[in-house]
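Note that chain A is present in both complexes that follow, paired respectively with chain B and with chain C.
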Partner chain A sequence: MEHFAQLLHLSPAMAWMVVKLIIAFAAPLVLAAVLTWVERRGAAMIQDRIGPNRAAILGRWRLLGLVQLAADGIKFFLKEDLVTRDANKTLFWLAPFMAFVPAMMGFAVIPFGRSFVENGTAYHLSLLDPGNGMGMLYPMAIGSVAVYGILTASWSSNNKWSILGGMRSSAQMVSYEIGMSVAVLAIFMTTGGYDPHQIIAAQDSVLHWNVVRHFFGFLVFFTCMFAETNRLPFDFAEGESEIVAGFHTEYGSMKFALLQLSEYVHIVVASSLIVTLYFGGWQVPFVKDPAVLLSVLSFAGKVVFFCWVFIWIRWTLPRFRFDQLMFLGWKVMLPLSLANLLVHAYFMHRWG
Partner chain B sequence: MFAIFALITLFGALSVAFQKNLVVAGLCMVLTFFGVAGLYLLLSNPVAAALQIIVYSGAIVVLVLFVIMLLSAHEEEPAGRTMPIQRWGSAVVALALAAGAVRVVLTSGFMQAMKPLKIQGPMNLNLVGVELFRGHLVAFEVAGLLLLATMIGAVALVKKDL
Partner chain C sequence: MAVVVKKVELNWVDRTYVIPVLKGMAITIGHFFRQIFTPSRKRFTVQYPDWKREPAPGFRGLHELKRFEDGSIKCVACFMCAEACPARCITIEADEFGDLNRLQGFAEKRPKNFQIDMLRCIYCGMCEEACPKDAIWLRSDYEQASYDRLGMLFGKWDLMNTYADKDGKARITQDPTPSVPRAPGKA
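Moving on to the complex of A and B:
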């Protein structure tokens, strides 16, 4: 690390910060881009179709349809940028960014590998170092702000379908956030800290993974993550069979691409939150103190798996009805996570 | 940094007051809350900053915007008849309140004893919890009771047949 910093004429801390910034920014973005391909091929696989396989480099190399990604990107850039006449132009422009920026920010606090010490300096593999005081409150705060992108997009396009989508989405986010927070609270309680580094350190063997200790908390959190990312069992903001395309009905070209991409970045961040909170983050099963590279690989593997679960479930389950969603949120998820919290509190009180 | 966050806060607050469009005004309010959260961060209190964003930006303003959209009252309603006395009266009251607040801050003992504060690391949830349950237990419990009463009241008002 120090050698590398010297090459760039930077202090090791500074060089490390730059490296981390690039990783924390590029990794979710690249993964999200690949996920759009995985989504289409995965959907095709589940529905017994072939999926996108026509785009090819020089009409020759199809690479399992991966070239479709580049083709879509170029197409989005070259499309005409339409804004409807009665839209609120400023907000219409701003909305995709308001959806995209919080989505990208969420990853900052998540440790994607084991911290290591070199020449007396500790290097942490998360953008925000441990002990920053924000801890897991940060992704929750960022996640709760994400709804503004959808709300603004829906309201500014001045379309009744869009507004319906936006209102559904805001109602859904607010109701599911409570159950989610209480589920996470139980983890803070048993861990005795709320810093993601502490939470991961506490899950040092497979039996100590929070998914074992907080199984019902995990169910609640997992379900709430679908609601937070607006993915299919809960994609009421979009609801293409009822309200055309919901909040992004009026969007086209690169603005639409940004909205779509932010959904996939949300999936990546949600998967890494699930992994950090319930599946031991970078811990490798049955290996004590794994090597740094191994820990990063383990984290990446788990995240990719959960990204796939998101897609898997999308193409397996039908969409709920809105009253079913509210029923599930308030009358199943919230009591379940409260019960989880109380049971853990009781056992902690009993056996310290 | 302080100037940036203070300007964001002030700009947001002024826009809320002068913006005719209710939804845009609501979004400006979110901007203000972000500015305030930034100020909390500068005071090395990230917990307050996070809670500010979770509670105010993430929940309360979302609900406010929800209601605005539901009523589709996008524009401010013009008053039936203008009452200049109301405007001047409110200006005087606001100025008096502001002057009082500034005076209280300037004459407080804290201001006299102000020196570069020694900060022992950022505030964290553990410290907040200890402070809450040790120093302010009664106030905390009373606030909880008050919220419970409000919640029961809201349910009782809305539910037709209990």
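Moving on to the complex of A and C:
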């Protein structure tokens, strides 16, 4: 680390920040890009199809359809950039970024590996330092800001279907956010802190993982994550069988790609939230004090698994009806997470 | 007609939703692994441009106007197929054998033009059934596409040459129909 820092004429802390910045931005982005492939290919496999496999390098190497990623990218960049006539041009341009940037930002606070000490300096494997006072409230707050991107996209494209999609998305957000927050509140309560580091430290063995202690909270949070990422059982913003393609009906070329990519980045961030809050973050099962690399690998493995679960569930469940979602959000999820909170509060009160 | 929607009573296991969802996920992941561990030849999907499908024996595809061994057309321009065609897509122009006439013992016609509009054809096979000379066949070729409408108007030469090389018959551009009537029994 020291040598590397000297090479760049930076202080070690600064150089470390740069490295972390690159990791924290590149990792979710790359994972999201690969997820688009995983989703198409995995969906095909689940439905007994083959999936994308026509794109090939020099017409020969297909690499199981991975070349499709490059093909998609080239196509999106070269496509004509259409804007509908009466669209609000500024907002129309801004909206994809408004959806994309918050999705990216959520990852900043999540520790993707064990902190370590070198030459008397402590290095933390998360973009923001642990003691920053925002804790896990930050990714959740940022995550719900992403809905503004969707709303803006739908509003500015001047299309009734799009607006319907955006409205549905925001209504969905309202009905889910509370249940989700209360579920997370129970975790803050039992771990005694709302920093991700504290939460992870409290889950030092498999039996202490929050998914065991807060099973119902986990169910609520997990379901809400689907609503938050606009994934299939709850993808009311898109709802292509009812409202054409929802909020991104009018989008094409790279702007559409950005909207689509932000959904996948959202999945990555949501998975890492689930992992951090309920599955011990970078903790390795049955290993006390894992090596730094092992802890990073463990975290990555868990995140990839949950990303796959997102895709897996998408191709298992049909879309809910809107009133079913409302019912679920207000009458099932909220009471469930409240009960979870109260039960934990009671037991904490009794046994300290 | 009123549709009666049957209400399904859910037991408490199904009402939790979690267990049924897990069951469904087990099913989908089962499909996933089955598909992954099946060699690609054995999967359901026919990877079309690379592998072609073998159509069923009775498949009706592109038309062919049959020829005799000497290359002359079997069709006698009797218009039966055009009459039988429910889509009315066959247009025939009859032609008499050049310098021969009825007194010289000639009794047959031949098509000067024979056109099928493949865009209108419904591949019903009625023409095949109607033809008294067994001159028009529907082959099993299903790959028919064109960049414009004109390309889907198949004329006489197209139909006589449909995949001619496959049965070892040479392609023709000139009508080899003999100017002398064929001896009876040879056809």
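The working rule: the second predicted complex is superposed on the first by the 352 of 352 C-alpha atoms of A that agree within 3 Å, B and C clash if a C-alpha of one lies under 4 Å from a C-alpha of the other, contacts with A are read in each partner's own complex, and residues count from 1 in each chain.
As a convention for this text, contacts are C-beta pairs under 8 Å (C-beta built on N, C-alpha and C of every residue); 3 or more make two chains touch, one makes a residue touch a chain.
Model, not experiment: these values are computed from the prediction.
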Check your understanding: If you stack the two complexes on chain A, which partner ends up touching A:Ile46: first (chain B), second (chain C), both, or neither?
Key -> second
Exercise for review: Please indicate which partner A:Ile163 is in contact with in the superposed arrangement: first for chain B, second for chain C, both, or neither.
Suggested key: first
Study note, to complete from the structure: The answer to whether chain B or chain C touches more of chain A is B
Practice item. Examine A:Glu80 and indicate which partner it touches, taking first as chain B and second as chain C; both and neither are also allowed. Key: neither
**Study point:** Touching partner for A:Tyr138 - first (chain B), second (chain C), both, neither
**Key:** first
Check your understanding: After superposition on the shared chain, which partner residues are touched by A:Asp323: those of chain B (first), chain C (second), both, or neither?
Key -> neither
Review point. Which residues of chain A are in contact with chain B in one complex and with chain C in the other?
Key: none
Point to revise | Residues of chain A that touch chain C when the two form their complex | key: 42, 44-50, 53, 219, 312-313, 315-317
Check your understanding: Which residues of chain A touch chain B in their complex?
Key -> 88, 91, 131-135, 137-138, 140-145, 147-148, 151-152, 155, 163, 166-167, 170-171, 173-174, 177, 181, 188, 193-194
Check your understanding: In the complex of these two chains, what residues of chain B are touching chain A?
Key -> 21, 23-24, 27, 30, 44-47, 49-51, 53-54, 57-59, 62-63, 65-66, 69-70, 121-126
Exercise for review: Sort out for me which residues of chain C touch chain A in the complex.
Suggested key: 18, 21, 24-25, 27-29, 31-32, 34-36, 40, 43-45, 47
